[in-house]
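Take a look at the structures below.
Two complexes follow with subunit A in common, the first pairing it with subunit B and the second with subunit C.
This part shows the complex of A and B:
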């Protein structure tokens, strides 16, 4: 089966040979999409990659968020999901003085963190790994979180092309926030526009070639 | 989410070099699109797009009693709604400061320029006059709703026609027109908002840039003279800065006026 754009309620494929995967349902021998997105087949398993909607957090996701509030045990972080996320002081790899929490992260600070658990109380974040922590500089912008897999590409192929071409360091949060740090602002904007180009054309086949073409055309 | 601090620093630094994130000059507008007569029931309506910012403005006319202090003049009522669909920042409920300001500044721009000849809107002195309702709805907010609203109001007023009025029954017959447009002046007023970001001045900011705006001055220019002015936000301005703002406004308003007039003809 070829990859195609489907809308909720659309029959993706008929027959008993197929199994319903993510964002699909089986009804009367038909596999029906329950989201708007791209339908894909892998080993007879049909799944839909949504193209719209809000971010649904998963364990292990690296996200970028903004500190919204502080209490004596940690920081509340807005990561764009329905539940609020919490970064406990136990998950910060340094000594935290409880009387001066603002010295570590203050309200409005931007940080990159990993989701280590999702429970009933909400989402717990951690910055105990390399590369996580406060973001001091760079351009941060938002894309549709469902387009993140496409921007990264298979095993990071798409983002590697952009990184190599622009010379920028790019951090992609699974919640759709992207941080670009580069040698000049011009190169950062070049990378930002390249990412927006990929996000806009996420449903096109052969996007890698299109991107290489775009990068060549827009290079200064 | 509001513009983050690291991004803000980048924007300010880039502005100091005279450049903007979307490759525009500091005093350039984004692409302006005006779609005419988008509403069937309104006497005149337009959809204005400045880049991704979008507003719909509709004009409705009704006959009512004049205000006691202007018995021989028509009435003007401008109201603005910032719809929740246009931005995650807007919520339903009683109008907030921003939406009241949007309506008020647009109202003042039209009223003080003398664009509408209110005396010609009088049907019977002290008893019956036409009331012009200007309704502004934001459809998408990507910064600079203020100028989009003013632009839309002027364009919609230009397109509006007066419906038939039955003097015997005292009722307005909507849907039937005498092909008479509103008593407007030849020239159009133009509203330009100038924002101060860091040490730079810009016009037509995107949402990202508008978040950083420390001070906004909205100037309505009519026939080459300033007819109304509004300063918002808390940052103070020096006299030299005000003079600079006047220069920017003069230059930009001429350019924009030409563009708007070409689009509504």
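This part shows the complex of A and C:
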């Protein structure tokens, strides 16, 4: 089956040979989509890849968030999902004085963290790995979280092109927030525009060539 | 079923006004849509699923839907006072009931999906335009749905059934007077909402539902096209 755009309630395929996967349902021998997105087949399993909507967190995602509240056990972080995430002091790789929590993260501080568990009670974050922690400088902007995989590319190929071309350090949160740190503001904006270009054209085949062309045309 | 009947704008008895639909008209929203039927224009924006506030309205067993229908003060020839009134509160609730049966909100406990519908120009059939726009916006926001919902008003002018009334026809005074029947249904023909303003016999009501079914089929095709057109597959043309 070829990839195609489907809408809720649309019959993707008929027949008993297929199994309903993510965001699909089986009704009277038909596989029906229950979400707007791209329908795809893999070994007779039909699934729909969502293209829009809010971010749905998954374990292992690296996200960028803003501290919105503090209690004596840690920090509440807004990562753009409906449930707010919690960063416990046990998941911070340094000594934390419980009377001076603000010394580590203040309210409104931006940080990059990894989701290490999602439970009934909420999302737990960790910054115990390298590259995670507080963000002090750079540009942050938001893209549609469903376009993040395309921006990163296969094994990071797409983002590597942008990094090499602009000389910027780019961190992508799975929740759609992107941090760019570069030598000059111009180079940062150049990288930002390149990422927005990829996000806009994310369904085009042969996007890598298009991107290389765009980068050449828009080089300052 | 229906005798030859001349409508003021020259349409056939079962002919819809020209329809336009587009998704993604409000960039800030999680999903949005515009639905235009003749001179009636509705814009719907969907936010969420997000945490329900106020907190005491949270439902830990499933997510909820909240609708807000509003007519912009310049949408009709005589300015209407902005803000909620008896009519808009009723239509907000009606819209919610029309859409709730198709939504699968079980996986969003303590959360809410907000729909804001604004009528920027009104020429009768605003609640139907609002429901059509909201259905598009919900799909665009990636909310899980069993089906799309399409909505249309069937009217009875004297003794004749007609589809998609305009304001002029709604104010028709001759014979038995005007009857307005807004109907919403899913693609497979299940009715999610039906209202009746006026009077009609049982047999004729069945005919009215059949007319609505035909019209909803046409609207569904337009909604489907609007959603599919929004994605650029890069085949040269916008697919």
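Brief remarks follow.
Here is the rule we go by: the second predicted complex is superposed on the first by the 220 of 220 C-alpha atoms of A that agree within 3 Å, B and C clash if a C-alpha of one lies under 4 Å from a C-alpha of the other, contacts with A are read in each partner's own complex, and residues count from 1 in each chain.
We take it that contacts are C-beta pairs under 8 Å (C-beta built on N, C-alpha and C of every residue); 3 or more make two chains touch, one makes a residue touch a chain.
All values reported here derive from a predicted model rather than from experimental measurement.
When the shared chain is aligned, subunit C comes close enough to touch A:82, but subunit B does not.
Once the two complexes are overlaid on the shared chain, A:35 sits against subunit C while remaining clear of subunit B.
Once the two structures are superposed, subunit B and subunit C can be ranked by residues of subunit A touched, with C on top. Legend: residue contacts after superposition of the two complexes on their common chain; A:10 is shown touching subunit C, with no touch to subunit B. Of the two partner chains, subunit C is the only one touched by A:201; subunit B is not. According to the touch criterion, subunit A has no shared surface contacted by subunit B in one complex and subunit C in the other. Interface residues of subunit B facing subunit A in the complex, by the touch rule stated above, are 1, 4-7, 9-10, 13-14, 21.
For subunit A in complex with subunit C, the residues that touch the partner chain are 5, 7-10, 23, 25, 34-37, 50-54, 82-84, 146, 201, 203-207. Touching subunit B in their complex are the following residues of subunit A: 66, 78, 80, 108-110, 135-142, 177, 179, 185, 188-189. Subunit C makes touch with subunit A in their complex at residues 30-31, 48-51, 102, 104, 108, 110-111, 139-148, 186-188, 223-224, 227-228, 231-234, 239.
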